[in-house]
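Below you'll find the structure, written out as structure tokens, and then a few comments.
For reference, chains read A, B, C, D and E in written order, and residue numbers begin at 1 within each chain.
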Amino acid sequence: MSWEGAALLMAVVAPFATAVGIFALGEARERARSAVNLIGAAVTVVAVLACATAAWSAEPGRHAAVGIDLLDIGFGLKADMLGALFAVVAGVLWLITTVYATGYMSHASDRARFFGFFSICVGSAIGIALSKNLLTFFVFYETLTLATYPLVVHSGTPAALRGGRTYLMYALPAGGALAAGVVWLNLLAGPVEFAAGGSLDPALAASHPTALVVIFALLMLGLGVKAALFPVHGWLPAAMVAPAPVSSLLHAVAVVKAGVFGIARVVLEVYGPLGPELGVTQLLAALAGFTIIFGSVRALAQDDLKKRLAFSTVAQLSYITLGVALASPIAIAGGLAHLAHHAAMKITMFFTAGAVAEEVKAYRVSEFDGLGRRMPLTMAAFSLAALGIVGVPPVAGFASKWLLGVGAVDAGTWWVIAVLGVSSVLNAAYFFPIIHRAWFREPKAEWAGGPPTGQPEGDLRMVVPLVVTSLLGLAMGLMAGADLSPASWASAVAGWGLPW
Amino acid sequence: MRAAALALCAGVGVLLGRAVLSMPETEAGVAPLIEANLAASGVKNPVTAVLLNFRGYDTLLEIAVLVLATIGVLSLSASKPGTWAPVAAQADPVLSALARFLAPVMVLVSGYLLWAGEHAPGGAFQAGSVIGAAGVLLALSGYARPAWVSRFALRAAISVGFIVFLGTAAGSMLAGGTLLEYPPELAKTLIIVVETWLTVSIAAILISLFIASASPAEQLRRRTESEW
Amino acid sequence: MVSQTDLYTLAGALLFVIGLYGIITRPHLLHKILALNISSAGVFFVLVGIARRVPGPTPDPLPHAMVLTGIVVTVSSTAFALALAKRIYTDTGVAVLDASDIEAEERTGG
Amino acid sequence: MGDWVTQQLPALLILVPFTAAPFAYLLGAGYDRQTALLSAALTQPLAAFLALTVVQEGPVRYAIGGWGGPLGIELAADGFSATMVLVTSVVGLLVTVYGLRYFGDLERYRFFWPLWLFLWGSLNALFLSADIFNLYVCLELVSMSAVALVGLTLRREALVAAMRYMLAAILGSLFYLLGVALFYGAFGSVDMATLRETVRPDVAGQAGLALMTAGLVLKTALFPLHFWLPPAHSNAASPVSAVLSALVVKGSFFILVRLWIDVAQPEAFPGASVVLGVLGSSAIVWGSVQALRQERLKMLVAYSTVAQIGYLFLLFPLASGGGQAASDAWVGGIFHAVSHALAKSAMFLAAGIVLARFGHDRLEGLGGLSRRAPVTAMAFGLAGVTMMGLPPSGGFIAKWQLIKASIGSGQWWWAVVVVAGGLLAAAYMFRVVGPFFAREAEDLDDSDLDPGPSPVTMDGAALALALGALVLGVAGQPLIDLIMVGAPALVAGVTP
Amino acid sequence: MVSWLPTWVALAAALVPLAVAGGCALPRVRDAARRLVPLAALPALAAAVLVPEGSAAIGWLVTGVTVQVDDTGRAFLALSAMIWTAAALYAAARPVERPARFAGWFSLAMAGNLALCCVSDPAGFYTFFAMMALSTYALVVHEGPSRRDAGRAYIVFTVAGEALLVCGLFVAGAAAAGIAPGTTLAVAGTVLVLLAFGIKIGALGMHGWMPLAYRATPPAAAAALAGSMSTAGVLGLLRFLPGGDPAAAVLSPAVMALGLAAAFYGAIVGVTQTQPRVVLAYSSISQFGFVTVALGVGLAEPGVWLIAVSAATVYGVHHGLAKAALFLGEDVAARSRRRPAALAALGLPAFALAGAPLTSGAVAKIVLKEATAVAPGVWNDALETLLPVAAVGTTLLMARFLYLVATREAAGSQEPAGGRDLPAAAAWGLLLAAVAGALWLWPAEEVAYAAGKSLTAHYVWLAAWPVVLGTAIAAVAWAARGLSGRFVGVVPPGDVYAPVLGWAARLTAVRDERPYAVPKAAAVPVASSSTGGPTQLDGAGAIENGLLAWATAISAVAALTVLLLLLASRV
């Protein structure tokens, strides 16, 4: 097997192997478990970076791939630019989150179970990223669906179980819809590979237009749930009951991005030109646009920080969907870049939420007055990320929004510009009050003196990761124009992804 | 309810009758084949030939059923399986006298039945049943707890026929043939060996079935607490 | 024109459904088991009838062999069923399957 | 030696357990478990070897007594048979290992071993037989050993359940035997190979098929004839429940498939295959609905079996058309039988551990199981994946094939049933799995019953079976190749 | 000009304050860093003088930034650098609470303001514009909770402005990327840019934040805000209005009308105000109205855009310096013990703003006239007549301002606070000098020409009469206080925007909800035990019990058999 193949396998296998190791070590042997976890995450990072290298060095249209065949189903992985983008994001952030989680969970119970399923989720996400065809994608997608459940209900409280139930009520029917769509499409078009510019035979659009539209709807329903598209977004705020690392990596990055990534795969690499031709991508764009506004409006009045962040995520995810659905390479680049940008920024904010909850037991925005004095670094990181989401340059969010806007002009869809403008205002409206409270309100008496003397402002295993991710977000935006920056990478994808 | 059941059964009956009548008037089946191969079977009676040779495998499984049923019954029985439970505290003298006289005769009869089975209807089952009856008689007349019968002996008696049958089957395989493929010259001998041991087993089975199900209820009750 | 063999076979079919009716309607386990035996007797009738269909004097030995095997099997299963029924009776005091059968059982005075 | 074994494989697969059974009974306490283990350790490789031989050299025929059909009885092992024998051996081996500790040397459970060995041998005999009358004897063997195993615990509910099962089984056998009689009367043979040539769609023949079908449907507990299954499967000792749900119901299903797809042709009996499909669909829905209503774990799992059996019967309408769709359905149906066998036995074994540890299996009492018995909980959960038909799992491949077959054969409504069934399954699975993660572990009452952490062999057996069901979902190709070896003409189609 | 300096040096120099801001954030070096703030703008000033004309693209930065040094940018860079330096010196002389924090935000705003003068591409400009605008919020609310309303007003308008701006710049950016937007999008983009920067310069309808923010911000910051940061809006307009694009010509009349309206509205509302800084705010609204008019003229036809640009630049610089001087002077006067002298010194920027002869105002007005002279058709005459009238209004505003400053003590509003008066006065002096000299030393020849022209009798008269008239009216109004007093304070600061701000407040108010992440778990009650099937019997349960009954079940077997046998008999 070529080194690319080995890297591909390793990238997917390593997290699962980590999970097995963690389960095997069990609750008691914490030190060994953390070691296994970190090593596994590190190996994964190396592997996904290797995959990215392979994708980068491969000439367009040709990718390293490995796979096995079952029936007429070929399960397989491939290292292409688009997949590598998501895989690297998931892998790298997993490593950081692992450090964070060891700090956050240090007093929690059932840690073996937690970290085990966590690894499985990441493995599935990377599998989703590197899947070579729709079916492999579907397999990992469903694995992710299941492996997330134990994490959502982890705390075991009635609220947690309720949240888990809500999650399943959305996720499982979605899985059914996705399955139906996938099978149908496979029967209609044979095994559906992912290929730049769409893999469906254009003749199909003429022969089975209705079927293709229905299948697209089924697929979007299945993927839209994880992508938190209106009206199937309801599970995400409910799932915020999960521990912070879960909300951070899974509900800001791995799981939800798996949905939008799937949408990207289907729209760009399965339907390709057929999408606009059938008129389905326009509808998708409209839905995404609405979701952006809807999510932002709902976020406005949320007092519970994580819930506010969740609604923000609902809105931000649709930026990606919107970009992908617009028939302009620039917009697509913007959307895909946001995949990485939003990940870095939102994970920072969820990290913050968790760190604050652990350190000063503050859960609501209304409890944040003067928190900047008590946890300056943490809140600085939060503010930086928040500015990024609002789209304030030079933080990452601006770069993607900029590409989206210019792409919208390119595609001639003026309403997208309006949506972007309104959403920026709304984003500011729900994030600036937090920043204002943290920095410009008078703190409680015990916070006024700053962090307890002689101590860091919080568990460093939590503070350092969130500072790192916020700086990542800044760097992504500040050097968006540089080679290998997510934005340039995404542009490269969009560039060769769109022959029409 | 009953009316509905009656109607349904009637329906089954009518349709079944129709089907039965629609069968071809004459159908040779495999009778000619049996005739042709009777000589090689080692027995003269075609039915016995089918039972013990052509379709000996059915008979093997049938013995399996028998042993299985016995084990099943014993598994349900109250007292420890294989022990002779006291049935009649003290039997009345007439019965015991009759039993003492009849038992040897019945053994003799069963021997004849076994021998006759080779050319006329008869064989291990009939023979075993007669000995079984003798055993039941002894049990009823209070002779049923002789010290020389251990649990193991009874278990052995129950399973020996089946084991010997399996042994001959396996032997035919080791001899290079297939399962139950008797060399024509040995067929008769082997069949008689199997039949003999089957007789023992069938007798033991019938006796233990009788004994096993003839045990007092309170013993049963004791064994049914605290299950998981 | 219904031949003698046919009558024999039809009788078998009749026995079968009679047994079936008994199995359905009689609440007491013993009755059910006996009804089952009636049904199986019916089946054996049919087999014997079929054996008669060969041209020539001697009947087809295969169905006979089947009947013999069938009898042994039925005997065994009957034995086991009886043991089971007895055991149920000793444990529960009644020999029925459904609670609803208990009073039906008392009515028929089984 | 090697090729002798190869020649005698079918016979050996039957002889080994059948020989072990009386010895396990004869030797009694102290040696019975070893005998069973030895037999299992011999049978499993033999089964694997048979599968290998079938894949490499095609279907195997074995003339018992050297006569060959129609005079004598033949054993035949095509892909289907070999598959069922193989899955039996895998489940059997693991159940045996599990039973070693589960039953221990409790006097009361000594009878498990001979009965279980009889059952194993009978199943092999059934799967390998090529003679419809011999199949009747096999059916009786299977039923009686199964019933005896159900009654093993001697609990009142168990005994009544066993009685109900017993009567239903005998009745089913009688229907079957009557059908055999009519077949013989109509076509003059009980040997399948001969019948395959001579069978005609005339009234007597079809009536025979009808009677056999009725009897077998009853024995397979297809809705609405499932009345005996839930009590029997839920009240038996858990290893027994595992074997019953995983293998025994498949036995009568196996004969049905043989008769319908192999010996007779569905289109030779129009309409009936649709009836079976409809009953199957109803079973899927009804069984799931009932599973959703249950309050005890083993009852829920038993009803899940009722539902899952329904999928098997979709094979008949889907295969009746022949062609590619038929062969998809063939693979789908059998694949489902296999993966369900693995997953369901895993579930019952896990349930057994729960019962053994905590003295009850009330659903609302299972809070925090994943903390108290993590491996057990995981085994159950993984098995659930196959039940729901989510990838990666054998259940998924099976449903995938069934959906393909139904859309491919233009009968899309069966596909709807399949998808809906998956969702219902998810609903009742998560009714169980959800509480596992609940915080309040004190739900599980630590009565002095709790024998402490379950032994690794028991947990291991359950987990291995569940994992096996998952592995089928990604590495199932060899099994599919096996299934397609010597597949009946109707479904041979194009090998997928 | 030193030709060996590469263009990007300008940006580097402009970003020096960023480093200072960073220093102010670090606890260790905080106090040292804060002392460097007054020097932070000097490199930019040097760059404005030294860096030669040119442009350079920095591809990796954000989405690619183009550094641009041209006359316009140079002018604004110099203006900003001067004002920020003066303001920083003044701030250093006046104690504020949490000085390091103030210095940090101050430098950050400074960095953004200076840097935006050096870039010409949409994304880059927006980047620094946002940096400036958002960090200013911290300055507005620096004096604590009492400033929250002003802060909200400022941030609401700023955020709206940022959003409008980024949308407008998308179009510009697309054009820059070689994508031709359709006419509709081009016009829409222009409108968006106008609105966005209009907010910054308090154009009519977008001015609501200005009075409140000017009043709330600490003096030094207010000077920078009013003098430099608002003027950055003018630069934005110059950079991104599609001057010379015929498509935009349709907007010209609207823009001119808007400008005129603002000029009068500011004056009329301003005179009724009761606080000096609010008066200054309205004067800014009015003054930027003049600039707007010039731009409107420029949009009319491609040929005149360049004239408009230079007019706007010159007027912007003039107004920026004067306004900054007025803000510092207001504070000096308020605190100084020698108020008459301060008042006298305040006269200079006041008269300059009014456009009195010999002041920069006179020169600026001439440059403005050059532009309005080329206005199309009827607009030409309209502006000819109306602009001097507006100048009268400006005079009135200044009079009102001086009056309020002079009489403040009588109003007794503010006690002279601590701090070192002399350095503060010196900082102010620097600005006064700039006000006095800037336009006379301006290198561009059209300015020199205008300066020369302004000394001719005709133009002296033209410049003088509005001031005289205005002063006279002011005197009359002062005489008739009883009458004019009625108008005082009828319009609240921020006039029509009070409701908007209340709405914004409600929008972001949190709903009180129980948080998800409750620390402790409540136990779930253990339900009672159940055996066998379900205890509760619903419909499905009843049916199932029926099916489980033996008789029914076996009847079902019989029924199935009948069905199959019937099917069998169909042959």
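FYI, contacts are C-beta pairs under 8 Å (C-beta built on N, C-alpha and C of every residue); 3 or more make two chains touch, one makes a residue touch a chain.
Values in this document were obtained by computation on a predicted structure and should not be read as measured data.
Fewest steps needed to get from chain B to chain E, stepping only to touching chains, is 1.
Every chain gets a centre from its CA atoms, and the centre nearest the mean of all protein CA atoms is that of A.
Looking at C-E and B-D side by side, the one with more C-beta contacts is B-D. Comparing mean CA positions across the assembly, the chain most remote from chain B is E.
When each chain is reduced to the average of its Cα atoms, E sits farthest from chain D. The centroid of the Cα atoms in chain C and the matching centroid in chain D are 28 Å apart.
The distance from the centre of chain D to the centre of chain E, each centre being the mean of the chain's C-alpha atoms, comes to 77 Å.
Centre-to-centre spacing of chain A and chain B amounts to 72 Å, using the average Cα coordinate of each chain. Between the Cα centres of chain B and chain C there is a gap of 19 Å. Counting partners per residue, chain E has 521, 524, 548-551, 554-555, 558, 561, 565, 568-569 as the residues that reach two or more other chains.
Contact with two or more other chains is made by residues 133, 137, 140, 144, 147-148, 151, 154, 156, 164, 167, 171, 178, 182, 184-185, 202-203, 206-207, 211, 367, 438-440 of chain D. For chain B, residues touching at least two other chains, in rising order: 1, 5, 9, 12, 15-16, 18-20, 23-24, 27-30, 34, 55, 58, 62, 65, 68-69, 72, 76, 224.
Of all possible chain pairings, those that touch are A-D, A-E, B-C, B-D, B-E, C-D, C-E, D-E. Across the complex, chain C is touched by residues 133, 136-137, 140, 143-144, 147-148, 151, 154, 156, 159-160, 162-164, 166-167, 170-171, 174, 177-178, 180-182, 184-185, 190 of chain D.
On the side of chain E, the complex with chain B involves touching residues 551, 554-555, 558-559, 561-562, 565-566, 568-569.
Touching chain E in their complex are the following residues of chain A: 155-159, 163, 240-241, 300-307, 330, 357, 361, 363-366, 387, 391-394, 398-399, 401-403, 405-406, 408-410, 412, 414, 417-418, 420-422, 424-425, 428-430, 432-433, 436, 439-442, 477-483, 485, 487. Taken in their complex, chain B has these residues touching chain D: 15-16, 18-20, 22-24, 27-30, 33-34, 37, 53-58, 61-62, 64-65, 67-69, 71-72, 74-76, 81, 151-152, 155-156, 158-159, 162-163, 166, 169-170, 173, 177-182, 223-224, 227-228. Here chain D touches chain B in the complex through residues 7-8, 11, 15, 18-19, 21-23, 25-26, 28, 62-67, 70-73, 108, 111, 114-115, 118, 121-122, 125, 133-134, 137-138, 140-141, 144-145, 147-148, 151-156, 178, 182, 184-189, 202-204, 206-208, 211, 355-356, 359, 449, going by the rule given at the top.
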